[in-house]
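Take a look at the structures listed below.
Both of the next two complexes hold subunit A, though its partner changes from subunit B to subunit C.
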Partner chain A sequence: MTIFIPTPLRPYAAGQASVEVKAATIADALASLTGSHPELRKHLYTEEGKLRAFVNLYLNDEDIRYLPAKEATSVSATDTLSIIPSIAGGC
Partner chain B sequence: MSSLRLSRSIYDAMRAHGEQTYPHECCGALLGRFVPAEAACNEFGGWIVEANVRAGNTRTDSAHNRYQIAPIELVKIEREARSRGLDIAGFYHSHPDHPAQWSPTDFEEAHWLGCCYVITAVANGKATVTNSFFLAGLREEEKRFEQQTIELTGPGTELPGG
Partner chain C sequence: MATTTSPETLPELTTDDLSRYSRHLILPEVGMEGQRKLKAARVLCVGTGGLGSPLALYLAAAGIGTLGLVDFDIVDASNLQRQIIHSTKDIGRKKLDSAEEKLLALNPALNVVKHDTMLSSANALDILKDYDIVADGTDNFPTRYLVNDACVLLGKPNVYGSIFRFEGQASVFATAQGPCYRCLYPEPPPPGLVPSCAEGGVLGILPGLVGVIQATEAIKLILGKGESLAGRLLLVDALNMRFRELKLRKNPECPVCGANPTVTELIDYQQFCGIKPESKEERALKNGIPQLGVKELKRRIDAGEDIFVLDVREPFEYQIANIGGKLIPQNDVPQRLAEIDRDREIVVQCKSGGRSQRIAEFLLQNGYTKVVNLAGGILAWADEIDPKMQKY
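Now for the complex of A and B:
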């Protein structure tokens, strides 16, 4: 499957905008991504190993938080995973 | 100081968006290409913005002083950027009746390191000052906003007074 890397994280993924991984589930895909680009880990996860609160993960057009199996959801080669830091603010 | 380059039409479009949503905050994304220092003829390099995309403000509960872009909208904006061979260069929003400076909320909620956050002050429905802040730092814990110069490319590059 293809994982899309957002602009801020590309320096930690060898400058790539997308990374191809072979994976059976979303969790597999993330493990494969951080396995080949270990620097990404601290940008995606807290020290306790939880996904940072401002990092959104979308399997195609679905927020993985709302998928019944969440990160255990199975994926196919044509699926895409988007890593999307949140955008908000105010005045 | 680093700079953000964009055309007069994109600059005007962002400001018009803020006037149209007044007294609510507008928000949107900027698509462009990052130019390394040498090509940008300065020591920083910087973004050249080639398109802006309007987004909806999902903070309908407090739209006069908060904005948020739905992540699914960002997924689609990123797809649009890819199809044009561009990257997400940054984001813009407006400050209705508030200065064009980043707020503590803007800072806390800013996570796109290496991208630009453009803020337009809209006073009584008229866009006044527009500023750009580059989110510098290599990780979330070290992030900081650095003000940038906005360079308007193409015809009519004079910035309105503020």
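Now for the complex of A and C:
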């Protein structure tokens, strides 16, 4: 599946705008992503291993917080995962 | 919609209005009644910069009756790459005055209300209460949370837009049934994690795109037509020209707009965003490096003191402007330590004080005992010592 990397996090994903991973669930996909790009981990997760509150994850167009199985939700090869951090620029 | 004016209380259109807005009047979605709703509407633009520029201009063009503007900033040359409401002749002028002039030139019937202040917890509720819709064109997290909370507490829709480099987001928060900004992002990122436009750069056209999307949403809310972005997050990728949409849900446990709100008044947003005010000691010393002001450096140079100014910028920057320091670009410093005297006091200097601070810390770690950082860099020198110096 494709994981879309937002601009602020691209420096930690070797500059890529999207990464392809093979995974059965959302959690697998994220583990695969942070496995190959370990620097991403501290930007996505707190020290306790929770997803940071200013980062949202979307499976296709749905926020994973509102999926019944959340990160355990199964995914298919045509699904996409988007990482959407908050940005504040406006000036 | 927020306005509760019935057709009988909507303002009449003048003959000038009828000719000016003819292209609106012939649209079924606007018509006479829609144009009168626009004329009755009061919209507050928080910020007259990148997002605020196109936002305010298009709202004025559309015939909004009252436009409030909040800004405390001065027009700078580097703004003109994207803040198109301001002109070259406005450099040095208050953005509020520059914006008002252009808006009234476009639409003399517009009622412009200038709020020459920084929005804060002390004044936000008072300023926002007189408007129907708030358009958030600010550039920092504390203010975005402040605007959001104030809108929810007052029941005013918040037309939101934000940008970073070449990506943008747009939505409408704080409608009666819809989510608010905190439903999407309960917490801000730690300070320093997401660079500002000055630090990260921004594609000039980007706020133009997103700002007009915000203006469109404000107008649709006033007209009560079309489908607003409430409940949706529009993502704009200008580099690849892709637009995506994500679903936004109202968080039933949202501390501000949920069923059992815990935030019932405005809080300290700087603290919320983890921004601690600097103590005097912290200002004078950062990570063990004393901070030197440009005025003090000038005094020492004029007094004939033996100072080694180490300029760690790139050669092209040195060519634009310099204060005669020895140029060793930051990445070359580790290999060229032999050229940096350990016995003399080293004043490390760059453009604005960031790179020089890091190099000063590096020198300290490498046994240099007399190292200081020129706070504010060559930009501070240009502002305070030599106004003829080229800024960039």
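By our rule, the second predicted complex is superposed on the first by the 86 of 91 C-alpha atoms of A that agree within 3 Å, B and C clash if a C-alpha of one lies under 4 Å from a C-alpha of the other, contacts with A are read in each partner's own complex, and residues count from 1 in each chain.
In this text, contacts are C-beta pairs under 8 Å (C-beta built on N, C-alpha and C of every residue); 3 or more make two chains touch, one makes a residue touch a chain.
All figures in this text were calculated on a predicted structure; none of them were measured in a lab.
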(message) Looking at A:Ala69 after the superposition, I want to know if it touches subunit B, subunit C, both of them or none. Which is it: first, second, both, neither?
(response) neither
(request) Report for A:Ala88: first if it touches subunit B alone, second if subunit C alone, otherwise both or neither. (result) both
(request) Considering only touches as defined above, state whether A:Ala77 meets subunit B (first), subunit C (second), both or neither. (result) neither
(message) For A:Ala24, using the defined touch cut-off, is the partner it touches subunit B, subunit C, both, or neither? Pick first, second, both or neither.
(response) neither
(message) Looking at A:Lys42 after the superposition, I want to know if it touches subunit B, subunit C, both of them or none. Which is it: first, second, both, neither?
(response) first
(request) Based on the superposed arrangement, let me know which partner A:Ala14 touches: subunit B (first), subunit C (second), both, or neither? (result) neither
(message) Need the overlap of the two footprints on subunit A, from subunit B and from subunit C, as residue ranges.
(response) 6-8, 17, 43, 52, 54, 56, 58, 61, 63, 82, 84-91
(request) Would you tell me which residues of subunit C are touching subunit A in their complex? (result) 47, 49-52, 79, 83, 136-141, 144, 161-167, 169, 184-189, 193-198, 200, 202, 207, 233, 235, 240, 244-249
(message) Help me check something: in the complex, which residues belonging to subunit A touch subunit B?
(response) 4, 6-8, 11, 17, 42-43, 52, 54-56, 58, 61, 63, 82, 84-91
(request) Going by the contact rule at the top, pick out the subunit A residues touching subunit C in the complex. (result) 6-8, 17, 43, 52-54, 56, 58, 61-63, 66, 82, 84-91
(request) Mind listing the subunit B positions that touch subunit A in their complex? (result) 25, 27, 29, 59, 62, 65-69, 71-72, 74-75, 78, 82, 87-89, 91, 93, 95-96, 98, 102-103, 105-106, 109-115, 117, 138-140
